[in-house]
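As structure tokens, here come the structures.
Look at the two complexes coming up: chain A is in both, with chain B in one and chain C in the other.
Now for the complex of A and B:
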């Protein structure tokens, strides 16, 4: 309960103003396509030079939590996930917004984020020493199986057909191979300099999600019927809260999976939302509603990606190992003030450590308040006429993909992927499994190569990858997941045929 | 029509030429970008942000420097971009990492070499060190080497990648000790390599002195030796060099960091930067921040860096010849 005595630090005037500023600024940055949480935190580091260490960290922590949640805004309203964490949110969130219920989607997403986020930070406060050991337990073989577990989700994610989902995933895996291979430096599929660094995930996300949509809008923009605007009904806060409590199952699945995955270094945030989304669907009695604007989908995805924030800092704060790119940037922010994470942080600078952690707790709550407050207003975007909307999304897409690395190469990659995806969608393929392949490919590959190298020095790859309780457990999960997909594909596939015939 | 195009082209060329002439005299007139070939938050990025923070002071350059991250493929993406696409006008600088880019250019597959760039000045030198986990049975470098000799290929050493300082150090240690280690390049840089050591995934590791110092302060690792010519008196006075331990390993793996411009940058601009940038590195605020961050500084002038680059080119060509 040591953390309680440091709550005062959060409410000092300057600290609280920074917290407020960081939260609101983070929401805006997060809602801007192309500005990922990592970049938002990196942009803020120079500002912390002039602040006290604790104050600087408050700013960074607030920005981290709120950019993750802010990414949901563009995912829901524009179907451009601000960061990989928000991919799953866009699946149901955007469908709901298209029905004119953008405010409802935003309310649910902020509330779920808040609940997940607070629980995540509480885990960080109470279970840090236990979780630190857990983070270290994951070695290369385990991370490899984790990535494979993610791959098994691909087939069933947001696709009408299992086979087409798998094929999209394969395209994603292939795209992820482009560039210099990090372990051995070999060049693969590099035809132009723009591809030498591989395909950066943010421009890929923007291209795959935003561009097909823009093309679709332009295609029907000629027809006058499409120019009519949607009505945006008012959404009351109490209704949203009640809806959240009705979906406790999705909320708990999201929070549990988000926190567990968040701890694992190197996998964390990118897939937490997608895995939780997939699990929530598997456990839901209304599977077929997912992807059509189902509240459970939004709640599971958003609670997961904010629940991951707290635990993802465990390896950083205890062992000085950054578990995610954002944590690496935060590490820089700490070191610049001469504070080394690890036992030093909690022993010698407890006021810094606890003020930081407490500020994330308060930050989550502030984020919910501001998110809800602006939701009704933000949801009016849906009333914009289609041609204007298309132009605006296009501008944001170009700006977002350029700003990641100030590179026109990324813009060309974004446009090519987007145009390709437009045609793939015509044939029933979808972007979400493709992106998941793109994310998981490098994780699976690099852990497999590194693991194999270590295995050669030990007892050989077979023993290294296949033995040990954690490996066995993960392999079991992989088999179970594949078996479930086959089973549900067979059973549901048979069921859905007569249903279609009737209609 | 043709005439019109021609005169427009001439006009543009004329403007461009006057701009170049004016540039050298009034340089710098606008903020200067510094490309960093590694991601935000990494050691190079974070040090570059500190050492450039006083560039805007009137007595230094009078214009601020800003960092642009171009990460990917162990730095190759950023330096390829710098060598082929950046303007040689002094408004785009790049941070260099020695021995990384020299070793990469020797191995090939990249569009730069030592001669594509002009050094400005060096700010830091981060030697490679040999680390083992805190519970490891090895307490000295000799014990680790003996183990490797008795078990060829079983002593795994993690490091940040291929053809970076850590890899060079591992190669030098293998050559000097005639023991066979298994070098394990990890994806995710020095932090991932350090995690492998702390978690016990590998027998030992090569890592940056600054990161190893912090990991030791946190009670996670033991540091067995430094791959440098002298001990590091400031951070690790108690850790012997490999030379002291009796292995012929020099400082070829030390990670030197500094600023450079593209070849073809006007000489006046290079001269101005070469005069002012070392002053910027030596600024009291910069030194204080670097020290607080546990980042060893080594300020070297343009001439000294040129000599160092030459020497590295030779040593590394020889070392990598057999690979």
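Now for the complex of A and C:
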């Protein structure tokens, strides 16, 4: 119950203001089509640079939580999911909005998000210290394998093609090696002066997540402003609350599946929402109503995608393996403050760790309050013109990446990586494993180098890195994640052929 | 050969080229100890890149929708503005002036409103002014970030 003693930190004036700002801002960003939670968190990281570590993490955590929930607004009112996690929400949410029940759908979505989110954060509170203690047993070889596992898990599970996912991870690992070698000071892969200092994580995050979205908005051209949002009539909060309690089955299914899926590294909210939606339909006596504006569909999907948020941070805070792409960006946010996940986090920085986690708990409640309050004018938020969003993100990306080290080199790197990532994404590569490679590369390399030095004094690197139960287990997980992805690619590939032939 | 397949071959070829350069540098540069980890990664990088290229040539690399000509044509003006803004104007004109011009240009290029619509120009000017004021308040006044002033601001 150590976490209880750190609740005070959340209510310090600046921290609480940041929590409020992150929650409201996150809801607005989440409700805006085209702005993903990952991009929102990446754009916020430069601001945290000027804050205390705990305050910075409060802002990022609040934004992460509320952008996922805010994505339901555009999913319901426009049938454009604000984030991949809200795809399942749009199935029944938009149908309800078309029937004039937009406010009811929004209330249910925020309430279900709140319940799922609180339970998810409670899991984070109780599971994280246990796993962090387990991480104490890790030596350099284990930490090396953990970093590699982080890249392969995200690379193989988060990508449509496991070859391209793993290739993205390799590109990220290579990018992390650019600059001067830490041990010998040798130059590595410095092709231009802008790369002499290596690739800083923040400009890279901004470029990789924000610029491709700006270019996606460009790709739509001029004929994109006629987005029709449905009007939101008023709805009693108590009626919505009563309706939620009548749908405990869907709420439980969503929360349980969201929590389980969240803790699996690399899977993310999109899968959580869709799996929970599918399971809620299977267990429902009114299966045929799903897809026609059934409240159970919204409740299951939204409780799942927010229940996923807390558990997705468990492997991140204990083992440096993010549970979702947004969690990968949060890892970058931790590292720039000199805080490394694992037992170190809870032993040396308990105030930072617990204040951050507690703020996520409070943030869930604020998210419900402000989400419901904003529901009546949510339609206006969701109709933000695309050209303004594109121009605003572009300018923010420039200022954000420059402000970190006041270096134009960072700005050039940001744009180059972003444009490159846009084209890579068009051909099936993904940003999440690339970012993981970039973040975990230095961790993998430093443990590999130190481990190699120790190994030379013992039985040699091969025995040091490849033997021992924990090494074997981690190697097994690396191979299993790749093999599973290979198998599922093959099976899905074969299944898709007849479907394509039929169409 | 379809345009999509050709695009996949070109993109896989570029990744293979990068992997080859990385591998070549990793195994030829000195001191060797500094390139121990890069060599380890390069082996997997080149192996995966070759595999991906072979899949693209044999028509198996179908993941990713590619880029159609219409989308590409839509992107070009925005990309040009962004390139000139970041690589030239921001430092030469000053961050705030360059950002104001770039914001207004992007808004105008992608705004469906007609170019001779006076109301649309007033709206664009107001939105640009308000947005740039917020950016100035955040970065110059609150975070005190010293940005290149260029020839003006």
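Heads up, the rule we're going with is that the second predicted complex is superposed on the first by the 273 of 503 C-alpha atoms of A that agree within 3 Å, B and C clash if a C-alpha of one lies under 4 Å from a C-alpha of the other, contacts with A are read in each partner's own complex, and residues count from 1 in each chain.
We adopt the following convention: contacts are C-beta pairs under 8 Å (C-beta built on N, C-alpha and C of every residue); 3 or more make two chains touch, one makes a residue touch a chain.
Because the structure is predicted, anything quoted here is derived from the model rather than measured.
Within the superposed three-chain model, A:278 lies out of touch with both chain B and chain C [touch as defined at top].
In the superposed model, A:296 lies in contact with neither chain B nor chain C.
When the two complexes are overlaid on their common chain A, residue A:406 makes contact with chain B and with chain C alike.
When the shared chain is aligned, chain C comes close enough to touch A:171, but chain B does not. When the two complexes are overlaid on their common chain A, residue A:197 makes contact with chain B while staying clear of chain C. Of the two partner chains placed by the overlay, only chain B lies in contact with A:337; chain C stays clear of it. Contacts of A:220 after superposition: chain C is touched, whereas chain B is not reached. By the touch criterion defined above, A:427 lies against chain C but remains apart from chain B after alignment on the C-alpha atoms of chain A. After overlaying the two complexes on the shared chain, residue contacts for A:322 are found with chain B alone; chain C is out of touch. Chain A residues in contact with chain B (one complex) as well as with chain C (other complex) are 183-184, 406. Of all residues in chain A, those touching chain C in their complex are 47, 50, 160-161, 163-164, 166-167, 170-171, 173-174, 177, 181, 183-184, 186, 188-189, 214-215, 217-226, 385-388, 390-392, 394-396, 398-399, 402-403, 406, 408, 411-412, 415, 419, 423-429, 444-445, 448-449, 452. Per the touch definition, chain C reaches chain A in the complex via residues 7-8, 11-12, 15, 18-19, 22, 25, 29-31, 33-38, 40-42, 44-45, 48-49, 51-52, 55, 61, 63-67, 70-72, 74-75, 77-79, 82-83, 85-87, 90-91, 95, 99, 102-104, 106-107, 109-112, 127, 131-132, 135, 138-139, 143, 145-148. Considering their complex, residues 38-39, 42, 45-46, 49, 136-137, 139-140, 179-180, 182-185, 187, 193, 196-198, 265-266, 315, 319-322, 325, 328-332, 335-338, 340-344, 405-407, 442, 446-447, 450, 453-454, 456-458 of chain A touch chain B. By the touch criterion given at the top, residues 39-42, 45-46, 49-50, 53, 68-74, 76-77, 80-81, 84-85, 104, 107, 109, 111, 153-156, 161-163, 182, 184-188, 191-192, 194-195, 198-199, 201-202, 214-215, 217-220, 289, 292-294 of chain B touch chain A in their complex.
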